[in-house]
Structure formats: C-alpha cells, structure tokens
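After the structure tokens below, expect a handful of questions from me.
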Amino acid sequence: MDILIGGFLLGGTYALMALGLQLQYGVARIMNLANGEMLVAGAFGAFWFYSGFQMRPFLAIVLIVPLAFVVNWAIYHYLLTPLVRRAKSRGQLEVDGILATFGMSFILVGLMLAVFGGEYFSYSYLERAVFVLEQPYGLNRIAAFCASLVFCIALVVWLSHTRSGLALRAVAVNPTAAGLVAIKVARTSAIAFAIGGAVTASGGALLSMFLTFDASIGVIFTLKALIIVILGGVGEIRGTVAAAFLLGLAETAVASLVDPGLTLAAAYLLFIVVLLVRPRGLFGSRS
Amino acid sequence: MGMLEIRDLSISYGQHRAVEKASLRVAKGEIVVILGANGAGKSSILRAAAGLLPAMPGSSFEMNGRDITNCPPDEFVEAGIALVPEDRAIFAELTVQENLKLGAYPKRARKKAPDNLARVLALFPRLAERPRQRVQTMSGGEQQMVAIGRAMMSAPAILLLDEPSLGLSPLLCSELFRSLARIRSTEIGILLVEQNAKRALAIADRGYVLENGCVTASDRSEVLSSDERVRKAYLGSDGSSINLR
Amino acid sequence: MSAINRGKFILVALAFGTAALLPFFDTGYWLSLGVSLAMYAVLATSWTLFSGPTHYISLATAAFFGTGMYVVGGGVDLLPYPALVLIAALTGAVLATLVGLTTMRISGVYFVIFTLGLAELIRQVVTWVQTTFTSSSGLYVLTDITESMIYWELMSLLALVYLAGWMINHSRLGLALRVIGNDETVAAHIGINTAKAKVMLFIISGTVASVCGALLAPRWVYVEPTIAFSPMISFQVVIMALLGGVHRLWGPLCGVIPFTLLWEVIAAQFPNQTTLLLGASFLLIVYFIPNGIAGLLENFPKQLQSKNGG
Amino acid sequence: MVLNVDGMTKSFGGIRAVDALSFELVPGEILGLIGPNGSGKTTVINVLSGALKANAGRIQLLNRDIGQLSTHEIARCGLARTFQIVRILPAMTVLENVAVGGVFGHGRYWGAALDRRAKDLLQRLGVRHGADTPATALTYIDQKRVELARALISDPKVLLLDEWLAGLNPVELGIGISLIRDLRAEGRAIIIVEHVMDAIRSLCDRCVVMNGGQKIAEGTPGTVLADRAVISAYLGDEYGDA
C-alpha cells in the first residue's frame, strides 16, 4: 500500500517533467536531450532562492517559471530555428535536434558545475511527517505532488479546451496544414518549446523539495522523461500522465522490494518490454 | 469586388525555372481552371498564391487591390485566400469538429464562424453526421470534404484547389464537382488545378493553359474546349475516351 | 582489383607501416597520445560502419567498450589474456545481437534513447553487483602488457576495421545499408532483409568496440563502472565521427585526429571546464560542419572547379 | 496460375478493411482492382506485398504460401510493386535507383550484368535523363518511370501497380498504357489499382470491383462497368447512363 502511495506521489512530479518534454517534442519536434538539465537548473534555482533569500520554493517557482520560459524561448529562437530552417525532412530535424540539444546538455552541466560545484545539494523544507493511511510521508512530498497535479490539470485543460491550445495541437499534428489556417507555426513552436522548458523547470523546483541532486544528474531525468513520453505515446497528453504514474509506481516498487540502486534499470526494463509489445506506446494511436 | 490578381509570377527551384511571368486573376463567383501537363508549374502557382512558396522579384499578388506580395502564409489567409493542397493537409489525428474549428482560426473568420459552419455542414451533410470522428479513420472522399470544408471555414473570398479529384472514385468525383458549383453560387471564387480537364472545363467560366511555366493561352472555357490544340493535349484525341487498340 | 584501388591500397599500407613505427621513437607522451588516437579511430570508424549508412545514431559505444573492459577485469586472474580478448569479442557480439534483435524494428529517436539507456543500465547493474557481492567498487587489471603492445594491438584492430569496412562497402550488404538509409520501406520491398542487414552491422560495430575495451583494460590498471561505462565515451565517439564525416570510410579519422589533439590541450589547460567545452565544440560541429571535414575536403575541388568554370 | 488469393481478411481495430476476398491471377493477365475510396484496394496491395499481415485467408504465389512471409521474402519469390505516392531513393542516382531493385530481389544481378540491365530498362521506359543524375532532379512522371524500372529489373512474375497511371496527362497516359500492355506480352501477371476508367477499359482482361472490403463484382471491364451494383456504389449514374 505504501508502495502504491509512494509511487503515486513520485508519479505526479514525473508527469510534470514529461509533459514539458512532450510539448517540446510533440509540437516543436525537438527531442530535447537537455531536458533533464533544465530540470536540474530549476532545482538549483529553487535551492538558490531558498538558501540565499529564505524564499519558499512555491514562491520561487513564480520566478523560475517565467525565467525558464524566456531562456527556453531564446534557446529555440537562436539555436534551434537555424536547424529547423536547414532541415530538409522531419527525420533530419530530429537527428539534428538530438545532436544539438545533446551538446547543450553538456554546456548546461558545465555551467552548473562552474557555478555550484560538483557536490550534492538538498535543503529542508516542510519536513514534517504527514500520515496517510497510517503511513508517514514527508509533507514536502505531498505538497510537491499537489502542486504538480494542479499544473498538469491546468496544462491539459488549456490544451484541450482553448483556441490557443488547439492551435498548439494543430502544429503538432500537421505544421503545413497549420500554416494554411493562419497559425504562425514558427512562433507557436517557439512558444511550445518555451512552455515545455518552463514546465520542466517547475518540475525540477518541486523535486528539489524532497530530492538530493547534483549538477550532473540531469541525464537520468532526461532518460526517465523520454521513457515516459514513449510509453505514453508521442502526442498523447493523457497517455503521458498515465505512463508517469506507472513509472513512479514501478520505481518505488523496485526501490522498496529489491534495491534502490536498480530504479533506472527497472524503468529501462519497463521501457523495453512496452516497446516490444506495443511499439507505438501504451496509449499511442498514431500511424 | 473580391478579386485575386497575380502579375508576372516567376518561381524557381534552384537553377530550374518552374514558372515564368505568369499573370492570372480570379474574381468572386467564378471558377477558373489551370490546364497543363505534369511539371508545367500548376501546383507551384497555387502554392505561391497561398504564400507557401517564395516568388521571385518582380512578381506581385494583389487581393482586392491590397498588395500582399512577400507576406507570410498566414496573411494570405487573412486576406481571404484559402488553399486545399494536393495532399489535402488535414489534421488527421484530430476530429472533424476540431478540423473545422481550426479552419476558423484566422481572425477574419472568427466572428462569422457559426454562419460558415452552418454553410459547410449544409454543403457536406456527412460532416454534420459525425463531428467527433477522427479524420484519419475516414475515407478519401470524406477527407476531401473535411479539407474543403476547413478551407471554407476561413471565410475565403478565393478558394485554391489543387487536384481535388485525385484518387476519388467516379461517383465521388461527380459529387465533388457538384459541390464546387454550389460553392461558386455562394460568391466564392475558385482557382482550380485539375487533371480531369474535361469535367473541369465543363464547370469552369474561364481557363488558362500553362506550358513549361508560361501561360500560353487564356480564354472562356467554351472557347478552350473547342480549341483543337487543347483538345489534343488535355482532353484526349476524340474528346471522350482514349482508344488505343 | 583495379589499378587505382591497388595504388590506394599500397598507400594505406604504407601509412599504417609508418604509424606502426611510433613506439621505436618515443614511449612516453607521444606514445600515449598515439594509443588514444588509435583507440578513438577504432571506435569512431566502427561506429560509422553502422550509423553512417543507416542514420541510426547509436550511443551504445560505452556499453560495449565497458563490457569488454569488464570481461578482462573480471577474468584477468583466471584466464590467459588472449582468451579474455576472445571472450570479450564474443560477449560484445552476443550483446549486440540481443540489442540488435530487440531494437531493429524501432527507429529514429527510440533507438537513440534505447542505446543511451543501455550503457546506463549496464553501469547500474554492474555497480549493484559489485557493491552487493564484493567489497570493492572496482577491479584491478595487473598485467605485464606494455603500452607499445597495446598500441600495436589497436593498430592491427584498426587495420582490420578498415579492411572490413572496405569489403562491406563493395558488397551487397553495403548497398543494402545505403538503401535502408534512404527508405526502409522500399528496401524491404525490393527484397532486402532489413533487420538482418542492420543487425549484422551492429554486431560488427559492437564487437569491435568490445574488443577495443578489452585491449585498453591493461592500460587503465583500475577499472570502475563510472569510468568504463562513462557516457562521455559514447559522446566523444559520435562527435569525432560527425566532425570527420560519416559518408566515407576515412571520414572519422579526419575527426579523430584534430579532436583528440584539441582535447589534449583542453584537458591540460582547462581541466575544470572540460564538460562545458565538450558541449560547445559539439554544438559548433553540428552547426557549422554538418557534413564533416571529409565533406568539406570533397567539396573543395568541386568549388574550385565551379569557380574556374564560372 | 501465378497468384491465388482465398478468403483474405484484414481488420484494423474493429473495422474490416478487407473481408474474405478471393481471386486468381494467371500469367499474362492484367487484373483491374477497382472500387470507391476506402473500399480496401490499397490494403489488398499491402497485404499481397507483405507490408501488412492478413488476419485470415490464404495467399499463394507460384504455388507457395506467402501469407506468413515477410516483405523481402515475398519480393524474392517474384512479386514487385510500385507505390501510390512515388518513393524514390533521394540520395541515389537514377541508375542506382533502378539497379538496387535487381540486387536483392527475384532475379539477383551484380556487376556489369546489373548495370546493363538497368541501362536497358531506363532506355526502354523512356527516361531520357542521364543515368548519373540525382533521382530527386527528375520530374514526377520520370520518377514514376524509374520506380517502375526498379520493380521490373528483378524480373517479377507478378507486378502490382498502385495508381501508377494517376496524374498523367492524355499523352503520357497513352504511353503508359502501351507500356503496361508490353509487360503483359512478356508473360507477366499484373494487378492494377486505378481510377482512370479509360485505362481500365482498354487494359484490363478482368476486373475485381470492391466495396466496403468485399468483392461486389468480377468479370470483363465491359460487364462489371455495366453492373447495377457497381454503378450505384462506384461509378455514379452519369457513367452508368453513358
């Protein structure tokens, strides 16, 4: 039972970071391998505001989100648009995007190492225990979970029920057709990438409330986000959320039943099994 | 009066000149057909007229007297030009309803969306029957309806259609041409590229003949249909069916 | 073999012969640099054999390299060294077969992620096994193999890789891979067993990387998961291959030489900014030399021609 | 008999795209597969070529069951196809585009023999561009020709042409029709999926008409095109009356 709840709590934040990647890949067609570093940057941001200014993480997020939006918009506008222009096909853009963001991930790690150093970081905030079904859980974890849930719901509602959300999905499905209905495709892609980055960074800030992190841990989160996106199916928002909870559950189960050192191995195994059984993802329907 | 005026349009792909100083115009309420062999540059003209292809210096596009040369594609749509390209360019993973809603995304169309929707659904009753169906699960003919319906949702003054009958069965093809005639009656102008030259000329008011990127003839469609050269090149030897036995 | 090919062959053989003389002149810094060059030349060239024509970007080099290293590390006290190299080759081939068979149906991004994860997975499992069943976190590889021997071994391996690459490029298999890289659907429809062709190349590429790891294990003396399976190895190999150019057999070498030298400088001058600079150089290559140095070299005569002609 | 299809059924999700379809093909015969959009014609082509696996039924090519074989195995048994939307290998020359078809397929050629065959075919199909031109520089019609040459070079016994004549003008159509007729004269069996009625009438020995995944008529073009069911499902009254 506590595996179930623990997995659920973890899944919430996972969902948030994977939705960020989903927006970047689904709409802007950039499989962002620097996604994990953006998450770690968010975590460092929250840490810095908390330790430097005693600012509560929830307040820090209010500052981190617009900051991350601007940074990611700039990354897309200045670094990725040339690749989009150069690409002759979607396949080529994917490859170029992977390589470019891959380089960026190293740069981000390098920058964070230079600023913060290579140690492990954590801070204590809301460290009281809360009892759910007679089991103790950190209040910080529950708070982070609730915040993620609110963000996720807001995102899903925005995407499926507003004109701008629909425009975003239109670009994801068929950029040429989107241009034909007067959607500004380049701008929409940039916005989607920026929102994706901001969402991921907010996920990092929330994770930092209860997780120890260091400058080079990003690749692990990139892998997890990628696994979730693929499990859920590219472009499938609900699938992503479901896959995030599944992964959170699987990891918690392996960590508490087998060994905490094998969580990534478990995630990876899950990924392989699903890929072999359902190559389009658990909830994917695209042909 | 709604009118698209294309003057001296030239398009090139690298070294290759696809279109050379072509001038065309379409007025509201008329169907104009472009005839020409494959590779003559018909699709290029339509794509350029939707702002998707860059035109060479010297070309100009005017919509209702407003110069829209060198504008991005979304401004062509806002000016009242809607293209249904050869591959239809529908949002296959979205529903019929969402496709039509996206058609009304241009600012010019937002206010009139309910009226336009009623008009489209009257034209294609089948779309009214299944608003929530994903377009990718529909047949080719139904997808073509979605594509044309979505273009009409943008409240266009001019509709550009690239090979709308390609891949349609004879039955659906007849249906399509009947709907084109109905669309014209709503005061929309249609610029049509169509392989089925016989039927296209039958409903068109005027036509242009394009050879190697140049407009070599332009006239009323009755005149074109009786032109011996046109008959030979685009209508088949005896004008009805090909007999090679 | 035509006259031109024979000429090329003699030229390459001469170059190899000259390069093999290095240990007679220096056994210190220059030899160690030579070993690094040979190692990356082997890895980048074998990577390109598979990824060049198919456009599948593999980040699994570290997985194979580390596996080879660990085979030697684990068995160095039990079996003679040559046997261990053979076992490493076999293990690499088996691993590549397994990975190949499971992933060859998936393409593009999925494959990249799969291979990126593979090294991480093996690293985690090895770390877990070591900390759970043994007391240490690494293994000692103590042998009497000198750096000169390692250098010669690597050069022989490199010669083998070039020979294999040349043979593949002039065979049906090479043509099949080019078609696959163009359009996999068409490839299947004209009778190409696409899965088999890809798996075969992946096995060759993986086996070579594994053997390379086994050959280098004695040089490192102490083998640790974080070093043996470091994603850095995969990344560097990809960068060098791309920098050199993946459309020619000799392309990767054009990337290996300048990059390894540059890396020596960076590591010596800016030891704390290696990650940052690695990322930056990677970006520069992706943006400014998308076809690699080989592409630049090949286009150069053409540009000259067009200038003279026009 | 070169091809025997018995009870072919293919479903996507709950929808039966092809429903218990049976037909045969003899050498030197052109079979027209016609029907409204979404009636399952292209699905039939995809199942025959192995791109899709049928859920039920039996397919025999030259008395060999091919229903469970993969695409490349079927190609090697002597079946070749073209695609509805032309698929050219973009990074290869015209000659290479044709030659690759003869290396791995039914006939296996290599070296000088392969080169000669490819050049002969290019000439025969009327591709006037140099063999070393990049294939992407060709016009649409020439790309279609190259694709056909790529299918023919392996000397297939059964040829599937998926709307190969679509989008041609009357002159090109005439050339295309006589070309296909020549192929029949060589003894190849050909299945064509077409909407161009003139081509169907002048080319096909026999037609299978599909609607909703099922066969609704079979016979000579003259009889099936006069069939009431075919007229109401496919041709429309205008054609029926004519």
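Letters A, B, C and D mark the chains as written, and numbering starts fresh at 1 in each.
Keep this in mind: a contact is a pair of C-beta atoms (placed from the backbone, for glycine too) under 8 Å apart; a residue touches a chain by one contact, two chains touch by 3 or more.
Since the model is a prediction, treat every value here as computed from it, not as a measurement.
Considering the contact criterion stated above, no chain is in touch with subunit B and with subunit D alike. Taking each chain's centre as the mean of its CA atoms, A is the chain most distant from subunit D. Centres computed as Cα averages put subunit C at a distance of 43 Å from subunit D. Separating the CA-averaged centres of subunit B and subunit C is a span of 53 Å.
As a whole-number value, the distance joining the C-alpha centres of subunit A and subunit D reads 47 Å. In subunit A, there is no position where the chain touches two or more neighbouring chains simultaneously. In subunit B, there is no position where the chain touches two or more neighbouring chains simultaneously. Under the stated contact rule, the graph of chain-to-chain touches is a ring, a single cycle where every chain has exactly two partners.
Contact annotation for chain pairs lists A-B, A-C, B-D, C-D, with touch applied as defined.
Residue ranges of subunit C in contact with subunit D, taken from their complex: 172, 175-176, 178-179, 181-183, 185-194.
Within the complex, the subunit C residues that touch subunit A are 55, 57, 102, 105-106, 108-110, 112-114, 116-118, 120-121, 124-125, 127-128, 131-132, 231, 235, 238, 242, 272-280, 282-283, 286-287, 290. In the complex of the two chains, the subunit D residues touching subunit C come out as 49-51, 70-73, 75-76, 80-81, 83, 87, 89-92, 100-101, 103-106, 110, 150, 154.
Interface residues of subunit A, counted against subunit C in their complex, comprise 25, 31, 79, 82-83, 86, 91, 94-96, 98-100, 102-111, 113-114, 216, 219-220, 223, 226-227, 230, 259, 261-262, 264-265, 268-269, 271-272, 275-276, 279. Residue ranges of subunit A in contact with subunit B, taken from their complex: 163, 166-167, 169-170, 173-174, 176-184, 235, 285-287.
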